[in-house]
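In what follows, a structure is listed as structure tokens, so that the remarks can point back to it.
We just call them A, B, C, D and E in the order they show up, numbering each chain from 1.
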Amino acid sequence: MLGLDLSFLNWEIISKFVMNGFIFSIQLTVIATLGGIVLGTLLALMRLSGRQVLMVPATIYVNGMRSIPLVMVILWFFLLVPTIIGKPIGAELSATITFVAFEAAYFSEIMRAGIQSISRGQVNAGRALGMTYGQNMRLVILPQAFRNMVPVLLTQTIILFQDTSLVYAIGAYDLLKGFTTAGKIYGRPEEAYLLAAVVYFVMCYSLSYMVKQLNRRIAIIR
Amino acid sequence: MTWDWQVFLNDDGSGRTYLRWMFDAWGWTLSVAGCAWVVSMVLGALMGTFRTLPNSPWLVRLSNAWVELFRNIPLLVQIFVWYFVVPKVIPPMRDVPGFVLVVLALGFFTSARIAEQVRAGVQALPRGQRYAGMALGFTTFQTYRYVILPMAFRIIIPPLTSESMNLLKNSSVAFAVSIAELTMFAMQAQEETSRGIEIYIAVTGLYAISAFAVNRVMALVEKKMRIPGYIVAGTAGGGH
Amino acid sequence: QGADTLAKVKASGVVTMGVRDSSGALSYTLGDGKYTGYHVEICERIVANLEKAAGRKLEVKYQPVTSQNRIPLVQNGTVDIECGSTTNNLARQKDVAFVDTTFVEEVRIAVKASSGITSVSQLNGKTVATTTGTTSVQTLRRNKRAAGVDFKEVFGKDHSDSFLLLESGRADAFVMDGSILAGNIATAKKPSDFKIVGEVLSVEPIAIMIRKDDPWFKRMADDTVKSMIKSGEMNKLWTKWFLQPIPPKNTKVGLALSVSTKAAWDNPNDKPMEEYVQK
Amino acid sequence: MIELKEVSKWYGDVQVLNNCTTSIKKGEVVVVCGPSGSGKSTLIKAINALEPFQKGQIFVDGQAVHDPKTDLPKLRSRVGMVFQNFELFPHLSVTENLTLAQVKVLGRKADEAKTHGLKYLDRVGLMAHKDKFPGQLSGGQQQRVAIARALSMDPIAMLFDEPTSALDPEMVGEVLDCMMGLALEGMTMMVVTHEMGFAKKVGSRVIFMDVGGRILEDCSKDEFFSHPENRQARTKDFLNKILQH
Amino acid sequence: MIELKEVSKWYGDVQVLNNCTTSIKKGEVVVVCGPSGSGKSTLIKAINALEPFQKGQIFVDGQAVHDPKTDLPKLRSRVGMVFQNFELFPHLSVTENLTLAQVKVLGRKADEAKTHGLKYLDRVGLMAHKDKFPGQLSGGQQQRVAIARALSMDPIAMLFDEPTSALDPEMVGEVLDCMMGLALEGMTMMVVTHEMGFAKKVGSRVIFMDVGGRILEDCSKDEFFSHPENRQARTKDFLNKILQH
């Protein structure tokens, strides 16, 4: 078909070359999403705290991360983290740390917008019932902020999943690497890239379709 | 460890200093990003508008397909597809320079996201605005041209700013297909000089400066376009 | 700060081997986390001796590395012994140490058999590919200036991408280490479409890389290499990897033992590339 | 002038207009009221072809709104419409709001359009604000500009959809005054509103709609207000509620 | 019970409360009215320590709101508050809305809080909706739940900020009825509202505020409504406007 030969893709190649990378990509996505949301929420709370000592470092961190390409951050962490912690780490671990730290900056912006989207009236209602700042945040504001932002958070997760392909810069073995390695060894590089594109598309499209359905549900509940 | 900033004055083997090379690379980064920006804005505005048209199901479908296709494949993979797969299927594409392919890849990829923003901007406007335009006798085209798009674009300037900054940063992926931009410079020069930290600091600084410049320019645009008495609600920013 | 690999592996029971995904027959993956190749096998002998010295069983962990990250990885201790295709040069000797040279690379030009190109001088106006983050980029730059030819450079992100540039017609030539060229040609869809041609652009000692300032480990590794050469095992390995069919597709690289490699074996040393050039 | 014949409309499965038939003669002021969600807005939008309907016929000045061949933009340009949320164009100054459609739709010259528009702006008493932007005006002022904008297209009839319900109580008066002026001058008007004072003062007829999009009452103002005993239970109930306080 | 002494507040340069002094005794129902932006909401929020103020003193049940040492969450838990936009917690069911603060703030047991909360829910006539979410209720119903929520904290006084102005006209009655019941039972109340019917029926005193945050009138209900000739020009003007239609 069109000068391409897709027949080289068989179960043996998938299980030998692609599966490992696929598992790593998924694992990286999940860890970075969870870690990024936790860290990002903390950063968002710091930025909204109104206290200079918390706001300034959080703002510098978030804006700093957001103004550097991910590839550069990946290279940086790979170079620096071992020096800082004084212990060698592998490409996969380095990538995981990088992604948590990097995505936290993006998730913090989402959570910040989510918190700010809660009307002043809701905040006042919680306070008027006698809740402390912590109680109000935990029981009233964050649950709503999180709920409002679930679609955006999921969309960001899809982007994150796509970005895991950039770990090739430090040689970590991810989904894309799985395909290209197979393509390389079996002399079918173009086909491998095309198949990688198809797999990424199918996964991301199904995910974003689910997000859309979720959005629709939420819209009905509101 | 010790610093060795002298490394930038060394000759890279072709009679050019690393410093000179780095600025050349910066130029490539800016050119790729600039050209891709134009492509993405034009296509993004068009596709985003199509998606909101009330009575043109085929244009809506076309633009939906466009957006889904280009935003659900990692940029890196798209670049490889443009660079290696497309020419194999369509041989004449072989003679298209890598620069053009990267601009198209980056431009199309970003256009899908801009289209999403444009659509969100149009839909964020009260439905009454569209009715008001139509009630005055405007055609659909006129309603978009005079009523909806001018407001929609103002509303989405903040997300457009972050998309523009994302685009600049995403241009770093272009090195994968041989564009001699900053990231490629960083990787190659680190290899040749073994002074990774110095090189990375300089390159990171240039990226940060560029991103900041984009941010300022867009802020200026936003200020210029601000409407007296009108308050725009913020939107959440994601993406890279 | 001195590095003590023996103490480290003794304590952890793990030795990390840096490997490449596709450095021709020197080091490549079979998939499934398995790696093999000429240098990998030599490394395995070194690790076996290390095991003996440590007096305990060592688990071997494979760490895939790339051109861009191998030096930092060895420096920061992630990788204990790098068995890829790293050129031993002066700049790198500042950061890492090299075991005695096991392979002397000749940088050559690969072209399409039908192109009729036979030397660098014919590259005027052509497009030449090489791989980002390798010394070949510098070699190419120097040759370009010296020979006064004007060609366009394109860079692949790794060797297989560079070869793909040649294969897909985006480049007219691929300048790289001869063994890598041979390996890539061997796994191409139609190996007979490609040819290695022209003068040797530079000669580069390729060696196994270890951390700097670990004299015991360096001596142990050197001795392992020397004894392999003496016993003729090295020659057997060469035949196994470069002249006979190798997995996974049972293709032949077909790279005869070069004069320079033979010379390096006859007189084991860890001289950097710069000293070869002066010769 | 405006005629509806058995108009029905559904959103998916939900029927929002149910066999609505009525007509409005030149010079009449028809007030439409009814509970929230009863389809008042939908009805008035259907008349101006802003919402398609699945069944029935609507004629405006003899032209068939339901006919796909009718030039709808042209037809709409002849009917003025005022919305609950004003819907001035926020990025244009008051003057530009008044002139844009005159120039682009009616093809008037810029200065002609301006003179014409400002005449109506003066009439609603806002000449002093001609260079401001909508965001700089109070709600009541914005709504008066919106009325002037509709008038400057020289419409043959005006449709109002709850023109005062988004206003602070203080500003309701100024807009109602402005509308009463129009009514007294003989403009044909259809007004969705809960302001019964307005209906009593200048209305010719009152239409009452109930949830489900059915027209429950359609009678002269005097009949509607003077003979509550003739009204349906649903209507009485509604009037009680909104007139109580 | 509630006492304000020369309270002033600025947003940047803009003064929004200007030397406000008044007091509310146990059992009184005080109605606050005035044009938009006159600082009514700000005043009522300041009493509940939701908005800081720069000058003056406020005492609630003897405790100083302006004193940094006062435990404000505790103080707030003793004053009930009802907002214009209900502000029920949309992610919690009606019952959870009623019990959350009882459990977390007052430390009540879950079932005790539930029994207590449902008692008040029953009182506002919404027992049937106890498991719904706020988004599934009409505006009027939501506001009644909000009142029940405030009551279930056993407040010593209730503050209302325009409790009916976000409601459809049909639903205003049910909420006002509910508030009148409370007033008649002797609850101390401060109510920002434009519903003069409510003020006339159950108000003890009326406070009129003007733009700039000044209290212009502060007198008994009877004095306020029966002697318009004693009112300031600004007040008369305002009353005229809102009572006209």
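Please note the rule applied: a residue touches a chain if its C-beta (ideal position, glycine included) is under 8 Å from a C-beta of that chain, and two chains touch if they have at least 3 such contacts.
Here the structure is a predicted model, which means the values were calculated and not measured.
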Note = Sorted by label, the chains bordering both chain A and chain C are B
Ask   = Which chains make contact with chain B and with chain D at once?
value = none
Inquiry  = A-E versus A-B: which interface comes out with more C-beta contact pairs?
reply    = A-B
Remark   = The distance between the C-alpha centres of chain A and chain D, rounded to whole Å, is 50
Request  = Mind checking the centre-to-centre distance between chain A and chain B? Centres are C-alpha means, answer in whole Å.
outcome  = 20
Inquiry  = Taking the mean of the CA coordinates per chain, how far is chain D from chain E in Å?
reply    = 36
Query = Do you know which chain C residues sit against two or more other chains?
reply = 68, 72, 157, 161, 164, 168
Residues within chain D bordering two or more other chains = none
Ask   = Which residues does chain A have that touch at least 2 chains other than itself?
value = 75, 79, 168-169, 189-190
Remark   = Chains touch in the following pairs A-B, A-C, A-E, B-C, B-D, D-E
Inquiry  = Help me check something: in the complex, which residues belonging to chain B touch chain D?
reply    = 126, 128-129, 131-139, 142, 146-147, 150-151, 154, 227-231
Query = In the complex of these two chains, what residues of chain E are touching chain D?
reply = 35-36, 168-170, 172-173, 176, 194-195, 197-198, 238, 241-242, 244-245
Remark   = Within their complex, chain C touches chain B through residues 67-68, 71-72, 91-92, 94-95, 132-135, 137-138, 141-142, 144-145, 154-157, 161, 164-165, 168-170
Task = Write out the stretch or stretches of chain A touching chain C in their complex.
result = 13, 15-17, 20, 75, 78-79, 82-83, 87-91, 168-171, 173, 177, 180-190
Note = Listed in rising order, the residues of chain E that touch chain A in the complex are 45, 48, 50, 73-81, 83-85, 87-91, 100-101, 104-106, 133, 135, 149-150, 153
